[in-house]
Every structure is written in C-alpha cells, then in structure tokens.
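Below you'll find the structure I mean.
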C-alpha cells in the first residue's frame, strides 16, 4: 500500500470529499443510487447501424449512447472510424433519442469540436497519460470519462485525473477497462481490487468497461455483474445491431438481445447492493 | 484465446462434462444452487481463538471451517503455524460444530495424515505446480482445494488439476486467490476474467479467496460480492475473533461482525444471480 | 509467438529490409558498427547545469546531448520542466558543443517548433500510442526516438512506429525503456527478450534507456552493458553534474565520474561484440 | 525499493558477507573470476543422445553437464522424463567425462537419492516456494541451484534461499530463469534488473538460464551475453545433439555448433567485464 502522505492535497482525494460525487452528463446524473449504462457499438459504421443499435440499447435501459467516431487502432492500417461523419451520426442519434452521447477524443486539436458536440468526452487507454490533452480538457466544461492505461497503476490513473481537475474541470468519471496481465487467455485482467482501491483513495465516480477486458462476448456479463457488485457507478458496454458484421472488436460486442438479458440480470444485482439501473 | 485442440482429452474439460459438477466435502455438497462459505482464521493460534472464531462464522452461515496449521510463509523466520497441534484443534472444532474442515498441506510426507484427518485438503499457491504432491493427492480419496499459483495462467492451473484428476481423484475444487500484477497498490489482482475463463474451459467448481488478494479488510467484501456475481460456487474467507491480535495476515482478516455483515450482503447478491448461501 | 502473416506489409518489418538501417541525426549516424550514446540530465534546470553536464558527457564520449525541457510527470504538481526556456538552453548547448540534441515532445501543438529546433524528437512512454502525435511526426523530416509504453508489447510498439513510417518519415529509432512487471523491487523490467524480439521482427535501430528502468544509479551500468551485449545500437543515459541536487529522477542520474567509468566499460563490451562506441 | 530493515538478519544478505562467495560443485568452483557454464539437453532421452551432447558441450568449454531425468511438465500427459534410468545415464556421463552433473529434483521423497548421486541439485521454478523441499535440501550437503518462480519477486526468491541456508547448507546458487510478464511474444522476461537486484541484496552467486526465457533458439545468445555483461557467475544452457528431434523444449535447445559459437562470443564478453569462461 503506497503512502499518500499528502493525499488531501489532491482534488481527486477521498479525504477532500467524503460525500457523494455527482457528474451531470447533459442532464443524466451519474453518481447516487442509480447506475447509468452507456451502450452502443465499438465504431459508428453507418447511420442505420447506429440508429438500430441506439434504439435497441435505449429500449433495454441504456442512459447514454456510446460509439467510436475517431478510432484508436494499434495498426495504422486497421479501420480508423468514420471520423467527423461518424460524430455527426452520433449527434443525430443523441438528438433523435434525446440521450447524451459519449465518444473518444484522439486528437488534441479536436478538443474545441468535442467540447461543443460531445456530452461526455472519453479519453482512451492510449491517451491516459497524454497530459497535454488532459490539461486542455481541464480548461473546458464537458465531463470527461478517463480510462486507465493498460499499464498504469491506480495511483497513476488518479494522478492523470488530477491533470483535468487541477485545471478547473471537476467533472471527471474514472473508467476502468482492465490492465495488462500475465494471463494469456483473456485480453486484459478485470481486477476488482483496482476498482476497490480507486473508490477508497478517491471520491470520483467509477465506470467499468467490461467489453475490452473480456475480449469475448461471453465474458462481458460476468465481468459487468461483478463490477456492479463491487460498487461501479456506471458501465460502458459495446453493443452492435449485428455483431458478426462489425468492422472492429467483433468478438466482444453484444447483440441487442444479449444486452437486454444482461440488463435484466444487472437490475437484480444492482438491487442486491442497494442500487438500481437508471431507466433510459 | 489459446487453442485447445485436444480439450476433450482432459478430465477437467467442459467438453467432457457439461452438467453440474458436485464435490462432497464430508457431507457438505459444493456445487449446485447453493454457495458454500469456508471461513476461519489464517492460522490456528489456540483452541480458544479457533473455537470462538468457528462459533462466530458458523453462526453467521459458514459451512466449512478453515484454519492454517502448517503455514507457508515467505520467510523461514515468520510464524510457521502450530503444526500438528493446530491440526488437532481444527479437528476438535470440526467435531464440536459438526462441520468439515479445510487446511493447507505443505509437506508431501503428510498426505496420509491429511487424508485421514482433513475433510478438504488445500494446496496453496506455492505448491500449485508441485506435481509430486498433486499426484499423491490424486491417489487418495479426500477432495482437494487447488489454488492457482500467483504466477500461473488459467491453463496452467487447469493442467495442475489434471495431475490430481488423472490419478483417479475426481473431487477437485479450483480456488482462485488472485495473481501477481503490475498494480502496486493491492497485493494480488482479483481478475474476474480468470474466473470466467476457468468456468468456460472446465466443468470444475470455482472457489474464490478474496482475502489474500485484498490484503486489506476493506477490500474483502467488494471482491467477495463480485466473485458471487461472476459465478463462484464457494468462497474461502479469513475471519479472526480478534483480528488486531492475529499472528499472521492481520490486515486482511475480518472480524466476526464484519463477516456477518458480509454474509448478509452475500445472500442478497447470491439471490440476485439465482443462487443462495448454504446455511451453516 | 504471434503470427505475422502479413509482416512484409509493414514498413518496420525485417522482411522488407534485411540490410542495416542507418538514421542520420543531424550528421551523427546511428546504425552500423558504431554505438551512439546520448547523455545528459533528466531535466534542463539551468544553463550552468546543462553546460557543465554537456561538457562532461561529451568529454566522456557521448555523441548526442539529451535533456528534458517539457517534462512528463505523473503528478501535475511535480516540476514540469523549464519549457521553451529549457529548449533554448538545449539548443545553445548543441551549438556550443556542435552535437545534436534529443528532447521529448509532450504537446502535439509543438511539432512544428520541435521540427525546427530539435535534432532527434523523443516520444515518451506516455505518448507511445498517441497516434495523432505519431502521424504528425510522420509528416515532418526530423528523426524520431520512439519509446515503448510501460504496458505495451513489442508488437504494439512496432505498430506505433508504423504510424510514423507510413506517413513518410522513415527515420525512426526504437528506444526500449523497460516495462511494468510483477517485480516490486525495480521500477521497470529491463527485458533482453524485448530487445531481441524487436531486432528479429523489425529492421529498425534499437536504443536502450537503462536509467528509467533502473530507478537507481547502481543498476544503470549492468543494464547498459547488458543492452550492448544484446545488440543495442544506441543508449540514452541520464547524467547530471550534481545528481543529489537534481529536480527530478535524483536517484537514477549518474554523476559525470560514474558516466566516464561506464563509458570505459561500455567500450570493452562493445568491442567484445564487434562494435565500438562512437567518439563524441 | 522495499525496506530491508533487518537485512543483516538473513544469511543471504550482502550485509553479512561482502567478500566473494564460492560454491564448490564436486570440485568445480563457482564464484570468483571464472564463469562456469552448465550445458546439456532439456531431457535425458537416451544414453547415445546424452553422451553425444555431453561430448560436444564439454569440448566447447562447459564445466557441468545438465539434463532432465524427472521432468516437470505443465501437463501430466507430456513426456515426463526417463526418471531413474535418466539419472543413471547422467551419472555415467559425469563419470565418463569427469564433470559434475546438475539435474532437477521433483519429489521430496528423492532427496536422499539426489544427495548421493547428483553434484548440484536443481530446484525448478515450480518448486521454488516448496518450503518442505527447501528445508530438506538445507539438511543435506550437496549444493543447490535454486530457480526463481515465474511469479516470484527477487525478495521472495531470496527468502526461499533462506529456507535452505537456515537449515545449515550454505551452498546455494541462485538461478534466474525469467519471469512472467505482460509481453506476449517471448516466453518469459529476462530482466537484467532482477539480476542486479539479487546481486545487490545478497552475496549469493547468480546463474542465469536464458533458454527457458528465450523459448526460441535465436534469443538464447543475446540473453546469455547480456547476462554475462550484467554480472552472472554461471550460465545454464539447453543444448541437444539433434534439437529438431528433441522430446521437449525443441524450439529453444541449441545445436552443438550453435553452442560452440555462443561460447566463443561469451569468452569475449566475459573478458570485457574482467572475467573468463572456465575451461571444461
């Protein structure tokens, strides 16, 4: 256990704020008794694909639509997303279904655009220590969904959040997406200890992304239910209206039917830990 | 995802047995709808300590008493347990409260003794690839609780179980106790993916030990509840009648009151996933 | 071993170029028989500090001066470097001693400035998958020193280099700075296998930074010598004219005397593997 | 860096013994200026195979013959070694070539046999925390070659050595064989920091086994040379007279020709760091 002798010095610190944090995502309040679910495809592939998926996930209870417009891909030759066109489709879905949207920011030069058009700005694992990006996000008003890096510790992750907080933006939600591990069979570990530790050290809200850690559809549900049992305030789940035809992360995206089933089970577990799933 | 081209060749394999496995621990059946809780001190320190603790945990619903007699300690100068005296106290507790006992085997030379006196023989992380020990345990009748090594993969863990199974003993319960990770803040990662993967690849029952991964009392409950939500069939939890005076693992042992509270919450989560906690 | 069925498709690939790669850093050629040493302080702290250190390391045989102007620090409250003033001091040192300079780029908005003023642009571990930054560096002419992320695999690291190469800049030197590991005693593992694997899969030059992995002065030399024995083409080493007064990374910076001693030993090991250290 | 406030309490501790440790392996002295090479096949497969290989490696300068008789295999269905027959062949080779033999102990019940017949008793990664085995080895006279576990830290490894030392056997050589890591491409990391840390904290001799970490023939040489540069006192290398026909670890065993070439390069690197390779 590291020493945090100056913990109260940090804005993220639990010692500075024991009461419940709430982050307002364009009217959807994250924090408190209700757990918010963000769902949608890995990548926005077409208007039809997104609208179909959005309709399905909102019908099942999702409160926020997720979708990748600018995609971070390990290889430059993989599908990079539809870019601004994808962002336009996302915005249209947000308007049509009257829900906030969350999508990942890849380019510091687009902070202004995102700040105008995106309800919740996601910082992915690869930029989780891109301090320049974090500081710029700290200077604008939109809430930030900050993923951990696949090789960062909880302490480093919290320090990354401090780069946003210290610039004046207090609306940061931490999103745990698993970490690199010595296990070869799953993509990333889904360590309940990281969640528990982040909740102990900070007053910040915890979102959990089981999809990227799972890497396979069938592991998304046990990881999601476990995260709720361990105290998550929000989940972000990849759902596709036709997963087998997805252009990216095909193996891990749930179908709408699988998502509906997961939501039913999530409601039961949420209730068991004294919470509920927000109605979409 | 590794290829298991010959998975059906393995006795642990899900492909060989899709129906529910049940392991009979001296009358307490692990597997099926009910979740069994083993609880008790890290080390048996005295008759009074064990009896007090046993009374408390059984009153709260534990179905099996755990306690260390021969203790594996990283340093040879740390408290090594009471040895045979500790085993005698454990047996007496089993008789008095009429419940099975589980304790760790450290010495291959003691297989015969354990086979006679111990209801569920635990193989710890450090001996999880001690194949000589595993083969000997395969040749006797008592059920085996097989922990993963802190540096072993799920596949290696399952292969270790095969060393027991292939010698004729089909009563093996896997016990996930976390793994070494790049996170510096918790002792071991508590990776829900490892549990999900073990359940997918094998038909074997999964016990989860949150205490060693947590390393701190306050993280035991979120990890335990997460494990139930992820599908665990059994939990093994360290509880001490006076944790602050414990001779080992002081930081992570629950008090009886904390254990009672955890059991109440565990009942709710178990119910939410269609199961229940076995009454002690 | 991953399958690289389409390895020849990648510009980094060994299959595309078996002959020796050479990167020209403002006249200092990296690659070939001579090993180039970049040395200098973690952070540029003052003109006096940098000039003193530069004089010392060049006298000992360093061919490139390193120094942090904009510093990536886990905490926003740690010393962030002198910024543009630091860059100015670095440039002045380059002019005065007639050697190239290497310094880390933290902000995509500064690519143009770095492209003009910096001989070798370093991308640090935290931005190793900042694809926006990498693509912009691919569109300018200066050579790039690309560190691995602390949680990235060799394959991911090579793919990051492809983001630069595929935009037209073929002058990329990989710099291995260690990775997160399960070992608690050192800061990062210094894995010779990562170096060997990168050399097998790619034709790219390998620099090794032992200072960040070591975390302690006394481990820098064995790591540096091992890297030369394993085939490194370049080393980047932190040296300070008065390490005990350093504003960052105090524990791991060598004194000039220690650096001189290391250089003597490095010459012997280089010779033993058929190479030599470039004279500064 | 962990605190070792009571380091002088440990027999392995550098604080207890600053002068050079020497371990006598049946007349071959490990420690001092000369580096000893143990070489031979992963498994003893036949008399012809071992004698051929032994002749080759001794001709090339190996000072100790290695070979597996009882093999630790992750799967119970993999080739388990020739057992006592293999041990007999090894002994015969030792006699014929007048060199010591090293082989792994798998079964605590065989300590007495090994103590009589084996010059250097190897404890493999899987038994590196089998404290019962370690204590028994501490009560006999033969030197012990103690590998680190794939998931143990340097501190845990040293503590394992203390189990042998504290029972009265001071002849322990540590053997680093790499550790589990987040890198998917090599089998185990070959972390020079672990070697440097073990040498700092303890006075014990360090052997390095590059073969198991490499997992592939072509990575053995860079790892072996790096280990010498980093200060190893001994190497253990898998060599087979016909690697493509090996019954285990086919990919990582060197041919005799490759071993000869490695030895030539090792001599140069050893000389560069002020040492030499012992003549076989």
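A, B, C and D label the chains in the order they appear, each numbered from 1.
We adopt the following convention: a residue touches a chain if its C-beta (ideal position, glycine included) is under 8 Å from a C-beta of that chain, and two chains touch if they have at least 3 such contacts.
Source: prediction; values computed, not measured.
J.: From chain A, which chain is the farthest off, judged by mean CA positions?
T.: D
J.: Have a look at B-C, C-D or B-D and name the one that copies the A-B interface, over half of its contact pairs being the same.
T.: Repeat interface, by the over-half criterion: C-D.
J.: Averaging only over C-alpha atoms, locate the centres of chain A and chain D and give their separation in whole Å.
T.: Using C-alpha averages as centres, the distance is 47 Å.
J.: Averaging over Cα atoms per chain, report the distance between chain A and chain C in Å.
T.: Roughly 34 Å, centre to centre.
J.: Please list all residues of chain C that touch 2 or more other chains.
T.: 151, 155, 179-182, 184
J.: What pattern do the touching chains form: line, ring, star, complete or other?
T.: Per interface graph, the chains form a complete graph.
J.: In the complex, go through chain B and note every residue touching chain D.
T.: 9, 72-77, 106-109, 125-127, 129-132, 135, 149-152, 155-156, 159-160, 162-163, 166, 179-180, 182
J.: Applying the document's contact rule, which stretches of chain B touch chain A when the two form their complex?
T.: 1-2, 151, 153-155, 178-197, 199-200, 213-216, 218-219, 222-223, 225-231, 265, 268-269, 271-273
J.: Hey, which residues of chain B end up touching chain C in the complex?
T.: Contact set of chain B toward chain C: 151, 180-182, 184.
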